[in-house]
Amino acid sequence: MEQVDKLIELSYALDTFYFLISGAFVMWMAAGFAMLEAGLVRAKNTTEILTKNVALFAIACTMYMLCGYNFMYPAEAVNSIWPGMSFLLGEDHTAADVLKSNGDTYYSTMADFFFQVVFVATAMSIVSGAVAERMKLWAFLVFSVVMTGFIYPIQGYWKWGAGFLDQLGFLDFAGSGVVHLCGATAALAGVILLGARKGKYGPNGEIHPIPGCNMPLATLGMFILWLGWFGFNGGSELKISDIGEANAVALVFVNTNAAAAGGVISALFTAHLLFGKADLSMTLNGALAGLVAITAEPLTPTPLLAAVIGVIAGIIVVFSIIGLDKLKIDDPVGAISVHGVVGIWGLLAVCFSNPDATIVAQLIGIATIFGFVFVASLISWFVIKAVMGIRVTEEEEYAGVDYSECGMEAYPEFTNSGK
Amino acid sequence: MEQVDKLIELSYALDTFYFLISGAFVMWMAAGFAMLEAGLVRAKNTTEILTKNVALFAIACTMYMLCGYNFMYPAEAVNSIWPGMSFLLGEDHTAADVLKSNGDTYYSTMADFFFQVVFVATAMSIVSGAVAERMKLWAFLVFSVVMTGFIYPIQGYWKWGAGFLDQLGFLDFAGSGVVHLCGATAALAGVILLGARKGKYGPNGEIHPIPGCNMPLATLGMFILWLGWFGFNGGSELKISDIGEANAVALVFVNTNAAAAGGVISALFTAHLLFGKADLSMTLNGALAGLVAITAEPLTPTPLLAAVIGVIAGIIVVFSIIGLDKLKIDDPVGAISVHGVVGIWGLLAVCFSNPDATIVAQLIGIATIFGFVFVASLISWFVIKAVMGIRVTEEEEYAGVDYSECGMEAYPEFTNSGK
Amino acid sequence: MEQVDKLIELSYALDTFYFLISGAFVMWMAAGFAMLEAGLVRAKNTTEILTKNVALFAIACTMYMLCGYNFMYPAEAVNSIWPGMSFLLGEDHTAADVLKSNGDTYYSTMADFFFQVVFVATAMSIVSGAVAERMKLWAFLVFSVVMTGFIYPIQGYWKWGAGFLDQLGFLDFAGSGVVHLCGATAALAGVILLGARKGKYGPNGEIHPIPGCNMPLATLGMFILWLGWFGFNGGSELKISDIGEANAVALVFVNTNAAAAGGVISALFTAHLLFGKADLSMTLNGALAGLVAITAEPLTPTPLLAAVIGVIAGIIVVFSIIGLDKLKIDDPVGAISVHGVVGIWGLLAVCFSNPDATIVAQLIGIATIFGFVFVASLISWFVIKAVMGIRVTEEEEYAGVDYSECGMEAYPEFTNSGK
């Protein structure tokens, strides 16, 4: 009898540990977004984007602790649309309860919170890149309070909190929709209200590329994200402590890696065909596109199919970035394409390998997340704009937001441009 | 019977694995300190600070293997103040001994050594930032031999080796005192003997800010440290293999994260109130302050209290950095404030949540660590100064220590200043 | 009965998890090589080396999935030299099979693939540094297809796939030969065909040092590799789920760390004795040399012997780098010395601690890997050269390969040299 209990205890410990390590990998993605975005903006806007990334992570962790987690995973939901409101984290499971459940309760609530909280931060990090180089710092931070405390958790509840999207059969394993499309949609709403950077689009429809100032940093950011994604997707299996679950987590790792690799290769080739050069920023976005696409379903494809899903994602992302630029939707890092457009592709691609998926349910999920997040974000951005303004002045933008917002340069000894 | 043994074996394996992964995360903090410090100094002193950080890690690992580990965790201590002397690592537990202990011996000695050795390196890394831009490389390395082989292990023995501070009831879960205050105190002694950088303080009491040359690097360093801290604090629970321990480790992760987030938010606000700008370096130090503060007791607070402890730490660190500058204690990266002043705050804050803590025992611990490390370090620095000198010449300092100490520039193609 | 099964399941889950985390650490080494190499080349060649590193990782993952894994670990080998050909990954173990094996089948095949695939990428990453700053991007990528799909797996089969080198008693725990010597040998063949960078060697035999443009990046790369190596060597024990195995993994961690530390210290001293300066790039290569040297046998030495093996590696690498330069073998990052020359040292050093090793078997292994990889690579490079050329034009090299190959600068706002 005692040995049965000890087995349950060990199993609980292993699953909790697996959760915590997965969460730590996802937390590391915050550094990835910070480096990616800092590498892809101009030197004069670097301190500010770093500050945003650090601050949004802190805000996300705090808001999700204060209310977001309870909204997304309510103890007792009001109904399948409205989770009800409760605040602060409760107690963890007691050993007695775990043993009484005979192992059905198989990991720590605090570990679950830790894993979930770093997901919120990921969604919010997506926004910061798209609005870079012209949005006011404090306006952005106010939005991040709304997004991480309310918008993200409510739509998250609809799927992962067992709300109506889940009941409808919408499938989203690790968040191509709940996290990536959500973040990209909030970014799109912000970008539309904010407008393009000065000088990005000429009066006669010309598009002026604005190169990022530090490509090694952007590459480092991409590698950090790739690494972190093993926690993101691998941890989303939620359990590893038996043979079937361990095999599942292993397959998720392999498929996540295969899709990213596929995205790199196809984006590199596509850019080469279009531009005649091996475009590094497109290649980096290809990797991220592969990762976003496989996130909706990294478990049911074979590795070869996962690679193909990534290959298609890498092609989509190149054309999407070009297309958004034609529409004058100015997204300095390509976040809307990588996380939004490719997120939709990932959600649709679930139908290729998971027999439980239906195209209708996937489309309803996409429309719901996009519609809700877009409207809620647009209202939030609009109110923030009315109250405090969301865009820096033209002079501040020209001088770089590092001066006006942070009062310090990122590279005071290196640059002699942009001042 | 055999199944009981197999359970003990699995449990031992899980705890050992948890220890090793935690240790690897802490080892990663060495990169964090290197990047943080390289980002916050001027370009002309970057190669040298990188060399110091790489070399100190190597020296710490070697000295702790040769003698430090045995001083800190003696097989048979002479008394509660003097651990006695022995050298080199012994054999690991045999399977037979572990099974005979019925699981009381629950993890590998080598894993314990690995976890402990990266802590020593952390303590030493704290020093390198504070003495940056003017200390001789080899003087620093000689001090690191003394610090990691002797000073750190002896005071570490008093608490974690079950010496007199432990017997007095001094509480320090993961080392706000044993690691952070210890490192900051050694740094303070060095800075006092060394003096400020040329040009930092004007003849009429003006303070000239010397901005760091690479803020993305400093931000990366902060994120690396934040990630590594999950190993630092999470691993210090020392066991994860049952429900209670797994919950404890999970709570430590959540609280560590909450405190860091709190520190970011409060330092950002405090700096904004004081300077009118969102100061990135203060924000980074706010995160680290939150992490240092929660390190003394990450297990007994609720997440909300952990966040509050971090919030207060973030305020303290801003005022401490300003205050030390007024005292003309020149610490280029703020290490004495972050690890020392906030380390003390963390040790005192244990009393808010842990009923076993007493303010008297905490104060005795603080005074003992500070007093011993300060005197021992001052003597060591003094002897090193007498024998080989600790400060580069004024010409070398003006030209940058990279030339005089390392013979190479960190950014040969980027800078046109400082030469 | 059921409890026995549950024990096997838990054990399988722990070993699989250990494998996946180890693999994730090794995957992270891809970022390490990218940063190390980007830091050690000139600014004008940085985008291209980053693109190479990202693309080669993707190609390695794809080719190894398509055929390499099956060549290296064939289900049924034709004979001990030729593994036969089969394609794509098969199914993972079923729970029933694992239970029937009574735990002899103890981890997921997919986890094994994931761990192995990141090793291939490591071998290929070694090549990119040595041929930096003058090789055509697409020529390099074509070679990486051949290397990761065929050359690496075939020689890998001879040792780790139980081929003839394994049967001869050749010992190589984690790949000083199979991975590091293999990569360095392929690099050597490429460098010989490619020739030195313009301006590196003067007409009268002078050697002109070409300093790397970003030493913090190179240092970061080294730290990433050091961290990743805990997965590389630690994971190569292949099992952690009992007391003996857990102790073994822990010892591997400690020895890996001790050897790296030893390499740092000796390279720092050696460079100081030779040049009078604390040379950071030699120190970084010293760390990597220690790591490469201990990789052939991190389990049987004591930590002190591991440190000594690292110390000797750190001395060897300095003299090897100087020596190769005298031979006009131009290797911008020292990869051939670090991974090749020191890899041989590591393979020979196995004889000091492992009683099963024989100097004859080690020499046969070294000669076989070197001979096969050199010939196969030389032929491959030669064919690629004949078909598409392997070297950029002199004008392109002078302008920097970033323009000609990638069409974008790595640091567009920072540099005013090298154009």
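Observations, loosely collected:
The first chain written gets the first letter, and so on, giving A, B and C; residue counts start at 1 in each chain.
Everything that follows uses one rule, which is that a residue touches a chain if its C-beta (ideal position, glycine included) is under 8 Å from a C-beta of that chain, and two chains touch if they have at least 3 such contacts.
This structure is a prediction, so every number in the text was calculated from the model and none was measured.
Summary of the copy comparison: rotating chain A onto chain B for the best CA superposition needs 120 degrees, to the nearest 5. Interface residue usage between chain A and chain C, two copies of one sequence, is largely distinct: under half of the residue numbers at the contact are used by both copies.
With each centre defined as the average position of its C-alpha atoms, the distance from chain A to chain C rounds to 32 Å. In chain B, the residues that touch at least two other chains are 3, 7, 10, 14, 21, 214, 220, 411, 414, 416.
Across the complex, chain C is touched by residues 3, 6-10, 12-14, 16-17, 19-21, 23-24, 27-28, 30-31, 34-35, 38-39, 46-48, 50-51, 53-55, 57-59, 61-62, 65, 88-89, 92-95, 98-99, 107-111, 113-114, 117, 137-138, 214, 217, 220, 405-414, 416 of chain B. Residues 3-4, 7, 10-11, 14, 18, 21, 25, 42-43, 211, 213-216, 219-220, 222-224, 226-227, 230, 234, 240-247, 249-251, 253-254, 257-258, 260-265, 268, 275-281, 283-284, 287, 302-304, 307, 411, 414-418 of chain B touch chain A in their complex.
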